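Structures for review follow.
You will see subunit A twice below: alongside subunit B first, and alongside subunit C after that.
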Partner chain A sequence: MWCVAVAAGSFRRYATYRVATVAGVFTNTVFGFIVAYAYLALWAERPHLGGYDRAQALTFVWIAQALLAASALMSGGGLDELQERIRTGDVAVDLYRPADLQLWWLAADLGRAALQLIGRGVVPLTVGALVFPLALPGDAATWGWFLLSVLLGVVVSFALRYLVALASFWLLDGSGLSLISGLACMFFSGMVLPLRVFPGGFGEVAQLLPWAAILQVPADVLVGARGGDGLVRGLVFQAAWGAALLALGRLAQSAATRKVVVQGG
Partner chain B sequence: MRTETAGGGTVAGDGAAAEPLIEVDGVEKVFSVRRRAGRLRRVRQEVRAVDGLTFRVPRGEMVGYIGPNGAGKSTTVKMLTGILTPSGGRLRVAGIDPARERTRLARRIGVVFGQRTTLWWDLPLKDSYELVRRMYRVPDPVYRANLDRCVELLDLAPLLAVPVRQLSLGQRMRGDIAAALLHDPEVLYLDEPTIGLDVVSKAKVRQFLREVNAERGTTVLLTTHDLTDIEQLCRRVMVIDHGRLVHDGGLDALRAAGEGERTLVVDLERELPPLEVPGARTVRVEGPRQWLAFPAGRSAAPLVTAIAERYPLVDLSLREPDIEEVIARLYAGAHGPAPR
Partner chain C sequence: MARETSPRGGSSSGAGRIAQGVFAYGLIARMWVRSTLAYRASFVMMTVGNFAACALDFVAIMLMFSQIDALGGFSLPEVAFLYGTSGVALGLADLLLGSMDRLGRRVRDGTLDVLLLRPAPVFAQVAADRFALRRLGRITQALLVLGWSVSRLDVEWTVGRVLMVPLMVLCGTAIFGSVFTTGAAFQFWAQDAAEVQNSFTYGGNALLQYPPTVFAKDLVRGVTFLVPLAFVNWLPALRLLGREDPLGLPGWADFLGPEVAVLMCAGAALAWRRGLRAYRSTGS
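Up next, the complex of A and B:
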C-alpha cells in the first residue's frame, strides 16, 4: 500500500533532521521545567484545581511537552510545506499522481508524528518523571488507550492544519491564518492550562471544540481523569471530530482543485 | 481567424492507420480575473488562456509544443492531465476524459517539469522510485527492468543512494525523468526538461528521450523554449500564441511559413563594395567577407554562379534560416487583429 510507504518515507525523512530533534528535545525539557514550577505554585495556592491533584497537574505539563511536536500543538507540522507548495504552484506535481492529496498528506503527517513522538516525546517525559512525582499509569492497558487517543488527536490536528493549508488556494498568503490557527490550538488544546480549569460555560464550550481532542483528551486518558465510560466518550469525541474535519477537508479539496488556477508556470 | 495549419498538416502518419492518443477539439479555457478599478470597485474580466484549440497526436509521435510565455502551453498541459477543467470543447487522452477521471488517467501518463520536482527532497533517490512502484502498482519484473534501463541510460547508478537535495540540477532532472517512466506511461508530458542544464546533460537527456520514444513507442509532448530540443527530437511542432495554434506541421514547413531567409556567406580575394547580385541583397560587409540574404524557398545555385562569374570568389558557406528568428517572427505576426 502506497500510504504506508509515504508514512515510512516521512518517518525516515524527519529522522534525518537530527540536530533539530536534539534542539527540540532540549527546548521541550527546559519549558517543561518552567511550566512545571508555575503549576506547582498554582496548585499550592489552589489544590485540586480543575479536579487535578498536584501529580496529575505535573503529568499534564510533561505530556503537553512530549506531544508538542508530534501533535503540532503550536503550529505547522509538515503542512507548512503543503502551504508553500500551493503558494508556489508545486502542488500541481502532487495532483499528477494517482493518489489522493489528503490521504497522501495524512500518511506523511502520521509518519512525521510517529517519529516526533519517539524522538521528541520520550526524553522530556522521562526527565519529567525522574525529577517530579508524576501520576503515570502502571498498567499497559491505560498506556494503550493513551496511544490510541494520541493517534486520534494527531488525526484531528492534521485535519485542522490541512484545512488551513488548503486556504492558501484562495488566500495569496496563508501565513496569517496559520499564526491564528497555531495560537488557537495552543490555547484551546489545553496546552496553556488544562481546559477543565476554566470555570463555567467557557470551560465547557472549550472542551467541546476540536482542539480539545488534540491534547486535553489524551492527557486526561493518561492521568486517569476519565473514569468509567468517560474513556469511551473521549475517544468517540475525538473520532467524531476527526471524521467531520477530514470530510470538510475533502470538500475544500474538491472545491480547490475544481476552481483553482494553480499559481505560476 | 487565422489558419490553424500554416505549414500544411502534420508530418508523422496522421492517417487513418495511426490511432490518435490525444484528441483536442475546440478546447477553451477562460479564467475569470478580478481587477481593481478604483478604490473599492473590482471588475471581473475574462481571460481566454486557450481559445478554440484543435489538434490530434497519434500514438508514438513526439511533438514539440512551443509558444511565448503566457501563450497557453501550461494551461493546455494542465487540461490534458486533468488538473484543470476546460471551459469548452472536447478533450480525450487514451480515450479518457482527463478532468473526470484524473486519477485513472494518472496511471497512464508521465509528467516531468524542469522547474519542479516530484522526488522526495530529503530522501535517497531510490526511495522515491520505491514509492512510485507502490503508488502506480508497477509489477516487480516491470519495475526492475524499467529501473535498470533508466539507471543504465541516464547514469543513475552512483546517485541512487544520494538524498535528492544533494543532487545537481542535471542529476535531479535525470532522476525526475526516470521517475516519470517507471510505470510505462503511454504519454509523457515534458515541460522544459533541459532548462538550466549544461550541454552534456542536455545531450544525455535528449538521447534518452529519443530512445524511449523509439523503443517504447511512448508518445511525447514536449514544451520548451529551447528550440534545439525541438530540432533534435521532434518532426512535428505546434506553435501556440494567445491560446490559438498558429502553426502545426514540420520544422521545414515552419521555416517556410516564417518567410525565413537563407544567408550566403562569401569570402572574396579582397575588400570590395557591397556586391550587387539579382535576387539577393547584401546585408553585411566585414573586410573581404560579405553576407547575402535571399528567400529560403529559392535555390542557392544560380546565385553562386552569378557571384563566381563576376567577382573574385575564394570560399563560401550557406546558412539556413535560424529557427529562433522564424519563430520570433511568427509570434510577432500572430499578434495581428484577431476576432475575439
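Up next, the complex of A and C:
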C-alpha cells in the first residue's frame, strides 16, 4: 500500500541526517541531566508530589527527553514543510495526486516519528537509566502498552500540527499560529513540568486537554501510574482526541480545498 | 560594498580591523532590523512569542514553588535572581551572536563563499546575518524577573553589590557569546551539529537558573573548570546572596568573572580562526 511506502520513505529520509541525530541525542541527554537534578530537589522537598515517587519523577524526565523529537513536543516534526507548500502554492501539486493529503502526511509523520523514537529516544533513556534509579517496568506487556500509547500520542500531535498547517490556507503567514500552538504543546503536554504537579483545578483541566495525550499519558503508562482501569481509560482518552482532531482536520481540509484559491503561478 | 565612510585600517592594524567589523556588523544588523519592521504585526507576534516561550520556563519554577518553600535551600526570589542574571546574559549574547548557528547551513549550501568575497570581516557578517530583533523578548522577560527578584531579595545593597549585577551580566554575555562563537567554529567541521551548542547555551541557561546545590558535585565541577559557565552567575551570585559555594573554592574565585570572560573570548577567537582557515568550499 502507498501509505507504507510513504512512511518508509520518510523513515529513510530522516535516517540520512546522522550528525544531526547525534547532536540531538547529545542535547536531549544534557537537558535530561539538568531537569533530572531539578526534579530530584523538588521531590526531596515533597516526596510523592503529584502521586509520583522519586524514581517515577526521574523516569518522566527521561521519557520526555526521549519523546521530544518523535512526538514533536517543542515544535519540529515535518509539517512546517506542508505549511510552506501551502504558502507557496506547491500544495496544488499535492492535491492532484491520487492520494489523500491528510493520510499522506500522517504516514510521513509516522515514519519520521518511528525513526526519531529509535534514533533520538533510545540513547537518552538508556543513559538516564544507567545514571539514575528509574522506574522502568520489567514486563514486556507494559512496554507494549507504552509503545501503543506513544503511537496514539504521535497521532494526536500530528492531528494538531496538521490543523495548524492547514490554517495557512486562510492565514497565509502561519508562523504566529505555529508559535502559539508550539508553546501550548510545550506547556500543556507536561514538557516543562508534569501535569500532575500543576496545582488544583488547573491541573485537572490541563489533564483533559489534547496535549495531555502526547506526553503525560504515555509517561504515566510506562511508570505504572495508571494501573488496570486507568490504563484503558488513558488509551481511550488518547484515541478519542486523536479521532476527533483527525476528523476536524478532514473537515478543514475539505473546506480548504473547496473554497480557497491556491496562490502561485 | 565598501563605503567611503568605512574606517579602513587594513589587515595590519588590529584596532582598525575591529572598528571595521563593528561598522559592518551595525550596517548589516540595521538592514535586517529594517526588513523585520516591514512586517510589523509579524515582528510583534514573534517578539511576544519569544517573551512567552521564556516566561513559560519561569511559570514552571513558580508552579514548583506553589508546592514548596525552598528548592535546594534557595527561596523563590533567590532562584529568580539566578534566573534573571543568567537569562539577561544569554539573551544579550543570543541577540548579538545567536544567528551564528546558521553557519553550518551556509557551509553546506556554499553561500559562505559570498561572505568571503566581501570587504568586511567574515565574523561580523556571520554574526549579523539575520539579526533577530525579536530576541528582545527573552531579554525583557529576564529583566522583569531580575527586577522583581532584586526588589524581594534580603540583601544589603552597597555600591559594590549594586555594581556587581551589571558586571555579572556583562561577563555572562561575553562567556555565552564565546560559546556561541566556538559552536559556530565547530560547524566548519560538523555542519549538521548546530544542536550541540544548544546544550551549552540554552542548556547552560537552564542549568544556571537553578541553584548549584541542586546538582551533583561533579556536574558543578564540570561547569566551573571545564566549560566555565559557573562564572556567569553562580559564583558571583552566591557571594552576593551570602551563600556557601558547594565546591568550597577560595573567596577570590567569585570575582574571576571578567578574567574568565576574557580567556573564553580569546579561546573562541582562536577556534574561529582555525575553523575559517580549515574551510573548504563545496565548490558548487
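Annotations for the structure displayed:
We adopt the following convention: the second predicted complex is superposed on the first by the 265 of 265 C-alpha atoms of A that agree within 3 Å, B and C clash if a C-alpha of one lies under 4 Å from a C-alpha of the other, contacts with A are read in each partner's own complex, and residues count from 1 in each chain.
By definition in this document, a contact is a pair of C-beta atoms (placed from the backbone, for glycine too) under 8 Å apart; a residue touches a chain by one contact, two chains touch by 3 or more.
For clarity, every value in this text was computed on a predicted model and none was experimentally measured.
When both complexes are superposed on subunit A, subunit B and subunit C sit side by side without a clash. In the superposition on chain A, A:1 contacts subunit B only, with no contact to subunit C. In the superposed model, A:12 lies in contact with subunit B only, and not with subunit C. Taking the C-alpha centre of subunit A as the vertex, the lines to the centres of subunit B and subunit C open to an angle of 90 degrees, rounded to the nearest 10. More residues of subunit A are in touch with C than with the other of subunit B and subunit C. In the overlay built on the shared chain, the residue A:93 is in contact with subunit B alone; subunit C does not reach it. Of the two partner chains placed by the overlay, only subunit C lies in contact with A:193; subunit B stays clear of it.
Contacts of A:55 after superposition on the shared chain: neither subunit B nor subunit C is touched. Applying the stated contact rule after C-alpha superposition, one finds that A:40 touches subunit C and leaves subunit B untouched. Once the two complexes are overlaid on the shared chain, A:209 sits clear of subunit B and of subunit C alike. In this overlay, which is a superposition and not a single complex, subunit B and subunit C have their closest Cα atoms 11 Å apart.
Common to the subunit B-facing and subunit C-facing surfaces of subunit A are residues 17. In the complex of the two chains, the subunit A residues touching subunit B come out as 1-2, 5-6, 9, 12-13, 16-17, 89-90, 92-93, 95-100, 257-258, 261-262, 265.
Put simply, subunit A touches subunit C in their complex at residues 17-20, 22-24, 26-27, 30-31, 33-35, 37-38, 40-42, 45-46, 49, 173, 175-176, 179-180, 183, 186-187, 192-193, 197-199.
The part of subunit C that touches subunit A in the complex is made up of residues 42, 45-46, 49, 52-53, 56-57, 59-60, 63-64, 66-72, 190-196, 198-199, 203, 206-207, 210, 213-216, 219. Residue ranges on subunit B touching subunit A, taken from their complex, read 31, 74, 78, 81, 83-85, 102-104, 106-107, 109, 111, 113, 115-118, 120, 122-123, 127, 130-131, 134-136, 163, 191.
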